[in-house]
């Protein structure tokens, strides 16, 4: 139950009414290791409508350094950050074993949370959070299964949902990392890596996983002694979709995540080279291939987004022009005018821009 | 993006000193046709550090409608918007023939401008802006050649700049649209479409275009009567790079833009299906292919960005949870715990989540 | 391939000494269903050094028809064909249950056999043939595992053998057919289809398969009632390579066979779109991609082979010219001469071929 | 006019009646440099129905060596080979400047000729052959434009002929070699390399080329001094199809030949990585992609052809078994029997093959 009386924090009522668009959400990032620092940077420079106001970590030195980098408050106790009246919402990027306590505190404080996966490290503790949120009567916690926001997975899910290819029969998955950090254990291949595929299966099929089996082949000689790497995981969903996952975290090169759907009347794969943005390639009675962008917004939408972000960043930094300037506009105009002349005459036209001021 | 009470526009001095990060840039969009509306939406919902404060168009009804949609001011005279003290920077998306006057006014007002291409419709008028900005002594104008912000073009440019493949010899380009709007003229293939390739050539090679020739093959029967479509454009750069552009704007389907570099010791292409993000595929003495994402940031960075934007949007709208919730976190924890058990026993493990609260 | 008057069959001695190149091998095809007819056509029209001399099938009408089509003898009893003195070698394409008896007869007769897969339908009967051939002291039987002659599988095998990617860990296979013939049983997915993957695994790794497990997911609604389709097969080799095979024989469209190798330091796949001839695409520390043909022989070798076969076929049929004729040669010469002129002058040159005789 | 009285050579009458299938065509290869030797090997080992009987070259030593290698006659005067009564047909692989005389002699002798490109080195001499053959009243000469027998070009031609994509508008071609032999001149890029594209254009469109223009960009530093490499060739066909060819013969690596068709309603490309056999990839209103092999004959037809050729070669050489033997058949049978058992029980089944005899 939220007990905060702050009038500036997001109250349950204001949550229901919706924010005033002119007011950014004040966010604190808890845990500023590699992942938390990346999220802090994201909130500070890329996320419209967000204002990074604080970072918090039990490592005091690191907290102060990151706070200074972004010009925000350092709060040395994550629990204090959760109840801070100047903080509207929380990103939790601390180690997994701390998640249960922090998320429950955030639920009590009535504040929205984006919690990095895993939600918690055991089913029992996760179940406790499920029940706490259910008792609260509204959803405040989002878990960091970010593949749901990847264009490829969204395309694959839409394809399954469309029913065009009939019922799904198989999902063949591979998840490969170049190397593992020190002290990575055989269990962590499941808890740290396959956990993403578990969510992907549930997201794509809309079904729960009802059984799992792990087969341990021989290990690669590139893995540390004692680490069972790779592993082969077989899952079954409620309706009988068979899922296999090759998890291999010491390939020595690159990061690859791919999923292939095999349905009754067609197949589709993402994560392999091939295809335009999102990259889904299908096979069906119509042949193999993919769709063609229908217009420039689909093809270059991301480039427009980056263009605008970089322009605003340059304006704020007082270092305009970051992108193409007037000389570029002039040169293009001169070449195009010559092109129109050539179209009319059929002749080669020479262009002279004159001296650049 | 927090609110601010400042009433002064960005002064030349403040531009040099840099903005205070906590203060958003107040932007007005001039021209709110299809393109301008899309830019207004981008500034209002995606660009961190920007605040859309006004829209302006000679079409009064449209201006009022778009202003209402975004909850910002409607300014019926674009020139008034430029000098408005509550406006820090301008996006110009009005028709090309108005650009000269508006950009010159913005230069006078000392305000940063992001001007949609073309800068102006003739070399003479563009040259006038070049000189006006030069006289001002600082760069305030960016032209909307957004392909410079596309991952593929950036990869291609970096490859040329690296010198790894030797000097560039050819750029083979294709630019294809499904259909043209009414009244699209043969000249507009050059002025509206090939203008992008002109900038691409200059961006990729760092050289000016010194000659151009347009060859008119027969027209497609899908083009309106009198429209010369497709055209074949040949350009030469200062050092002798030969550029050919197939421009074809009534293919009847899809939007395709591609560029292939042929250099002394290798080739590279973008814009064709194939490859991971950005999609560059190379050919050289090492074979054909591309690079593999080195880590999850490269592979899923965009997904994290979207995840955060959608989470903040949901928090602001008071409609949390938008993404995966605690049940998803619990289900994943339960499946992974069963997986660890299977890894130890080698047996298939059945999962029972219990009732959902 | 000249004619010969020899009436003696290939004796064990002549086999050891080698054939005289000027003398074709006289082959009989036993079993002329779809597969046997295709093999008869292959021997009669494509295989240099072979002479189709007889066909044999228990279906007398079919035997006579096929014999007439190819202008060869019809022998109604396959056993008679095996001992016929005018027959040097045998292709066995009869149903699997007849193979044991026919192959053993051929061994007795000391004649080389190309036997369609399966060698026999049970391990016991196959073992009996192994022992009979071993007792004979020389190899006379080849089994029709034709994937060993596919460019892709050969490339994949060479890659494994090179050791460049370290030890193999996984082989992920898929084998898909559009539909099954009537009366196809659940066991036949294994005996008729997966049997190819079994040989592929042995061919690629050079190891025996030591364990197998079949998982039966739900069946596609496109499969006949009672047919378990698809199936998921997991095999293990001597050194611990884990092999999984998706076998799915009612996809409703197309025929697809693919294999992906995952080794300690790289991966490679064949059978997916992508890549030049053979189509192997690799992933390793050098990126993903493939090799580029090194010369025209590699790129167009097959085209030269077809060109020569079609030319000889036309000459034999007395219907020369089948391919490009002298007018084509003349037109090319005229265009190229004009091209050389244009290279010297830089001008467009018009070509006039004159009237065609 | 044929003056030969030989009764064994192919007479005009026998040509009209067609050959007896049991009798091979006796072929002599004129010119046994790299290309001629390769053709001799092809005729001796791959082409069904052909019998290599002689080789001929002005280089006496080389002629004798090649003749010995293949066990055929050495004829030191190519003109003698043409009229030799034991020779039915001729492959001409001598230098281009000798072609006119040799082809005219073959026409006189009434013998079929497969003449390597170019037919002759000038339009005038080629025209003379056209007229000589026309006077003869039947076609005896085939020119070695072997791309017409490449699966990709055949697919592209069929696509154009189908009219599905409307009229062709562009053909974009690239032709790249790793390096050139010594003394390769700027004219030879046209006469030796682009000559293939000239035929491709005529083959694909069924139209004559009516104009040509060559643009010379700067040369690569990898080309010998004085060699204009690369070149850019623009051709126009009767109906107005615009063809551009990048010819680049010192890329330092690999051999690449590709063609892209741009038609009114679709595009298609061959020669790039991507696609199954033949490799055509299309773009149209249905998306981008290709077709899926419809059955095992399409996917593995070439493997069957190679399997049979290698089996016959091994039988002739007396070195059977070249391919998979009975142990391979036995091992597959044992694994599959275990697989069927696993399908029934759901359990992992261990396989024991016993000792190998």
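Which chain is which? They are A, B, C and D, in the order written, and residues in each are numbered from 1.
Simple rule for what comes next: contacts are C-beta pairs under 8 Å (C-beta built on N, C-alpha and C of every residue); 3 or more make two chains touch, one makes a residue touch a chain.
Listed by chain with UniProt protein names: A, B, C, D = Inositol 2-dehydrogenase.
Computed from a predicted model, the values in this text were never measured in an experiment.
Seen from the C-alpha centroid of chain D (Inositol 2-dehydrogenase), the farthest chain centroid is that of A. Interface comparison, A-B versus B-D: the higher number of contacting C-beta pairs is recorded for A-B.
Between the CA-based centres of chain B (Inositol 2-dehydrogenase) and chain D (Inositol 2-dehydrogenase) the separation comes to 47 Å, rounded to the whole angstrom. If you average the Cα atoms of chain A (Inositol 2-dehydrogenase) and of chain D (Inositol 2-dehydrogenase), the two centres end up 51 Å apart. Between the CA-based centres of chain A (Inositol 2-dehydrogenase) and chain B (Inositol 2-dehydrogenase) the separation comes to 21 Å, rounded to the whole angstrom.
Of all residues in chain A (Inositol 2-dehydrogenase), those touching 2 or more other chains are 215, 234, 253-254, 256, 273-274, 281, 283, 288-290, 292, listed in ascending order.
Residues of chain D (Inositol 2-dehydrogenase) that touch chain B (Inositol 2-dehydrogenase) in their complex: 166-167, 169-170, 172, 174, 215, 217-218, 220-222, 230, 232, 234, 236, 239-242, 244, 246, 248, 251-254, 256, 262, 264-267, 272-274, 281, 283-285, 288. By the touch criterion stated above, chain C (Inositol 2-dehydrogenase) contacts chain B (Inositol 2-dehydrogenase) in their complex at residues 274, 281-283, 286-292.
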